[in-house]
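Below you'll find the structure I mean.
As written, the chains take the letters A, B, C and D, and residue 1 is the first residue of each chain.
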Amino acid sequence: MHVQAVKSRHLQGQPQREATTTLSRFEGIWAALLTPFAEDGEVQLQMVGSLVAATRAQGLAGVYVGGTTGEGVHLSEAERMGLLEAVMAAAKDTKVMVHVGAANPLESRRLAQHAEKVGARAIASIVPFVGGYTEGEVTAYYEGLAGATALPLFVYYMPRVTGSAGWSRQFLERLLRIPQVKGIKYTHADLHVLRELVCEGHVVMYGQDEMLCAGLLMGACGAIGSTYQLLGREAIALYQACRAGNMAEMLRQQDRINDFLRVALEMPYLQALKYVLSLKGLAMGTCRFPRQTLSAAQQERLREVSTRLGLV
Amino acid sequence: MHVQAVKSRHLQGQPQREATTTLSRFEGIWAALLTPFAEDGEVQLQMVGSLVAATRAQGLAGVYVGGTTGEGVHLSEAERMGLLEAVMAAAKDTKVMVHVGAANPLESRRLAQHAEKVGARAIASIVPFVGGYTEGEVTAYYEGLAGATALPLFVYYMPRVTGSAGWSRQFLERLLRIPQVKGIKYTHADLHVLRELVCEGHVVMYGQDEMLCAGLLMGACGAIGSTYQLLGREAIALYQACRAGNMAEMLRQQDRINDFLRVALEMPYLQALKYVLSLKGLAMGTCRFPRQTLSAAQQERLREVSTRLGLV
Amino acid sequence: MHVQAVKSRHLQGQPQREATTTLSRFEGIWAALLTPFAEDGEVQLQMVGSLVAATRAQGLAGVYVGGTTGEGVHLSEAERMGLLEAVMAAAKDTKVMVHVGAANPLESRRLAQHAEKVGARAIASIVPFVGGYTEGEVTAYYEGLAGATALPLFVYYMPRVTGSAGWSRQFLERLLRIPQVKGIKYTHADLHVLRELVCEGHVVMYGQDEMLCAGLLMGACGAIGSTYQLLGREAIALYQACRAGNMAEMLRQQDRINDFLRVALEMPYLQALKYVLSLKGLAMGTCRFPRQTLSAAQQERLREVSTRLGLV
Amino acid sequence: MHVQAVKSRHLQGQPQREATTTLSRFEGIWAALLTPFAEDGEVQLQMVGSLVAATRAQGLAGVYVGGTTGEGVHLSEAERMGLLEAVMAAAKDTKVMVHVGAANPLESRRLAQHAEKVGARAIASIVPFVGGYTEGEVTAYYEGLAGATALPLFVYYMPRVTGSAGWSRQFLERLLRIPQVKGIKYTHADLHVLRELVCEGHVVMYGQDEMLCAGLLMGACGAIGSTYQLLGREAIALYQACRAGNMAEMLRQQDRINDFLRVALEMPYLQALKYVLSLKGLAMGTCRFPRQTLSAAQQERLREVSTRLGLV
């Protein structure tokens, strides 16, 4: 039934009025939130409110806190909790999913429990990204994390960062069958596996911003990406064009997003996003040590493309 | 102008009546042709005519001879020439592109000259796939091959087979700027790079059958794949649905193709395709030594899915 | 003496009379220390003294705390500090090097400062193992860490864990030229690069226990490895045989070590080491969640090989 | 018995007078022979005699024809046969092992049969290096090749070229248990697996010239490498020092070899070897298209190091 619902929605290319709570919560365009830092390298909590407000102003459906974009794994446990609390204070009706993956699996559990306490809608976790865990251990990890709270849990699948060649479809499905695992944040170019997961009825949020339209075509319910903090309007238009079955419009919006990424991906990426936000008046600082800063030439190129695209 | 033509076609999601000779020749759905073998392991040339006829009967635009699917690099130079001649004898108005890549770059040149002599429309080549060539050497290779005939040359990009992590977009563009290089057979999941090439005005034939609809959405002119030998009708319907801007139909056809691949990719793939063709009365034999044969259970699963999908 | 000979020959082709304190301190066989856990998953600090004493009883030159073997990156900052303090309390004249690498680079700095405060001899760090840092950022990381204390700093090079294909010799030398970087813990099979580093005068502690004799032959000053906690006597005999130029004895000891590893590497490795220590009366518990436990059959095989080799 | 013989030789670090035919044939230092080319890109057969004579003059035990160094897979079947015949005509008592691996497995069989006909001592083959063969297919390949002649067959293991991450020890042992497979040319840095194979009684010829002394220490019977064509004297001295248990001399010779490699590995390597041979009066030409030539600066650096080391 659930599978049918998902499949039919995509096969027919039109919105449905499903009662599925899960789907109604995890769809649309979410921003993977950057984390602002002060000059001294500490998290700048007082900037978080403006950042969340700017996200909401673009009409995004939710925010993803403390992921790769948010430098979550490079923060201390206390910093991560403080960051989430600052986000919650500003979130209002913006949905909040928080990434709790950490090198220390017990820290992940504590972060999950904290997320539940402060009212986040969902948690997500990459597998502990160092240690060479076996598939059995990875499964045990997600089972343990799922049992730690009543929150929906998303598997955060990003083989480029976790350094593996990628898990098999079969293994991903095994993880997605853990009762409290409600979906997957899928950041990978292999859309065949994505489609297979969708056809099995799983909720997939897509994570490759530069291929967003292809991910949505193949059945992702929505997307979570860093780029949408800046190009939220384009991503939302793309998402709506997909719902409306308008491929030409999807591509037109994708090309706008990629016009920006063509410049930003040639340089340190998170720093590039932060710089453009600072041009919009949101002082994001740099990134956590030892991340390096942009050159003047890189800043100039970002100013040029952002102006051309009307981002600032 | 050229760039505009390509981009606009995709941006507007509708067919155009371009005068571009290149585009008019390399688009639509092409079959990557299997090579039939006799019991003794020799190429079975007398089967080639029926195979090409069956391809034409499905309405496919062209055939790709001696690629990965056709076990081209595992054949001798004489076998490759004999195979191409048998295809040409049966091809009529079906377009023929022949893969000439070989471990010996001089063999590639000779195969290219033979292709021109017997009237093929185009040649393609993977880079010599063993030897650890530098980017400068790869460039010299394609320049040399381009200069050996007057035929259009396609770069055959398939990092999974050539064992590299993939070339950069910049390097692919450098190859595509060689005057006689007219396009790329792009067999890779990274649709961002594909889109960048399309936006630069390059002709891209897509090669990941299981993601065909996403490749076409992102701007590929057409596709070359082994699966289309069996599911040509589905692929053509998908291609036409893309031209017509009908995403739901695209996905419906993709899901039919993937229903087959879900079974076939779990076993030795080329042998699976050959087995299904043999069920249709086209005795393809097995594959070249030391490829192994299918088990009875695998054959049974193929019979079941092929019957269910109406392929046999 | 041996070390002296190697360095001087390469640096100037003639003997030198250095009183290099560094060399006198970082040589010989060191144990990469396991971390004991209690049933509830917490670090069992009261076991640490016995473990260090057992190490000292074998005659090992030093201990390496909180590395891969010690599950350091899976512990909290407070646990890592507590662990080091427990080691220091038991260490007496055993030298102590502590691994301070962490996903959060600021945690690494604090751990380094703590190490200095409690009297460790040296610190080591893998590069922050998640985040895709550039070479410039990795360099900045080690420079920053080197500046945080007056302790000698070792680069911990273990490409298998950090997921990279390995850094170039040139980059490793760049890191080793940072003034306070006094050596490298080299855990990699490529002994050509190791030899090049030795020929440049760098202090190399080898980390592939199963190839120890080859690493020492190629010029490593010593070795740091998990296996030596159990087979310290063999490793010391191997080291002394190298000093004495006795290759047959080196191999004989290596083969004893590998007789053990042939069994232990077929199963979860850290759990295997802990199990054998428990057979010797050192109750080490299991590993941090979600590491899995050994089967009865695996335990039986470990009992058999340990008895045969006289380890228990 | 056989195992004992091998093990004891290494454990005792001294030569033995074994009757083992296999060992008496496949040991010592062999040169992986370069292939000379004329200006027009064709194989220069008339140079082969001088090249083999120069090899013999250095006292090398054998030559390895048509491997990676000899650009074997880039030659046509006829060229490979012609090359071998030219080598045989000049070989006298120099042992000849010929590499028969090819993209076309039937070509490998024919090359094997030709090798037997013209009197080579042994054949070797990498697995067909393109095609993604399964372990079962690789096994079938070696079984088929072993059955094609009565010659001893060596597995040529070089994961860097075949693009795999390496086969397991268990799989290599399975191949080495095929009756006619008499040994392995092991070109890989992992000396643990090498040692395991030696301990099982297998004949291992080592292929990483820059780590030769470590490979011999760990039990390789001998070595096959391109470098030894130029630095045969050093390699033989190293080999004899290993037999005599003289580690300091082993390292001294290794360092001489590596002094050369430090320069040669920074540039196109085969071209560098050919250039130095040409300085010695052996006009080797360049490499097969599309290999590129050396710059004047690279040639100058080679002249300098070759003069300094007394090679020319």
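Please note the rule applied: a contact is a pair of C-beta atoms (placed from the backbone, for glycine too) under 8 Å apart; a residue touches a chain by one contact, two chains touch by 3 or more.
Every value quoted in this text rests on a predicted model; they were computed, and no experiment measured them.
Residue-numbered contact pairs of C-D overlap by over half with those of A-B, the repeat interface among B-D, A-B or A-C. Spacing of subunit A relative to subunit D, judged by their CA centroids, is 51 angstrom. Annotation: 37 Å between the Cα-based centres of subunit B and subunit D. Multi-chain contact residues of subunit A (touching two or more other chains) are absent. Interchain contacts close the chains into one ring where each touches exactly two others, per the touch definition above. Interface residues of subunit A, counted against subunit B in their complex, comprise 7, 10-14, 189-192, 195-196, 199, 208, 210-211, 213-214, 217-219, 242, 245-248, 250-252, 254-255, 258, 262. Within the complex formed with subunit C, the subunit A residues making contact are 41, 71, 73-77, 102-107, 128-134, 136-138, 140-141, 144, 160-163, 268, 288-292.
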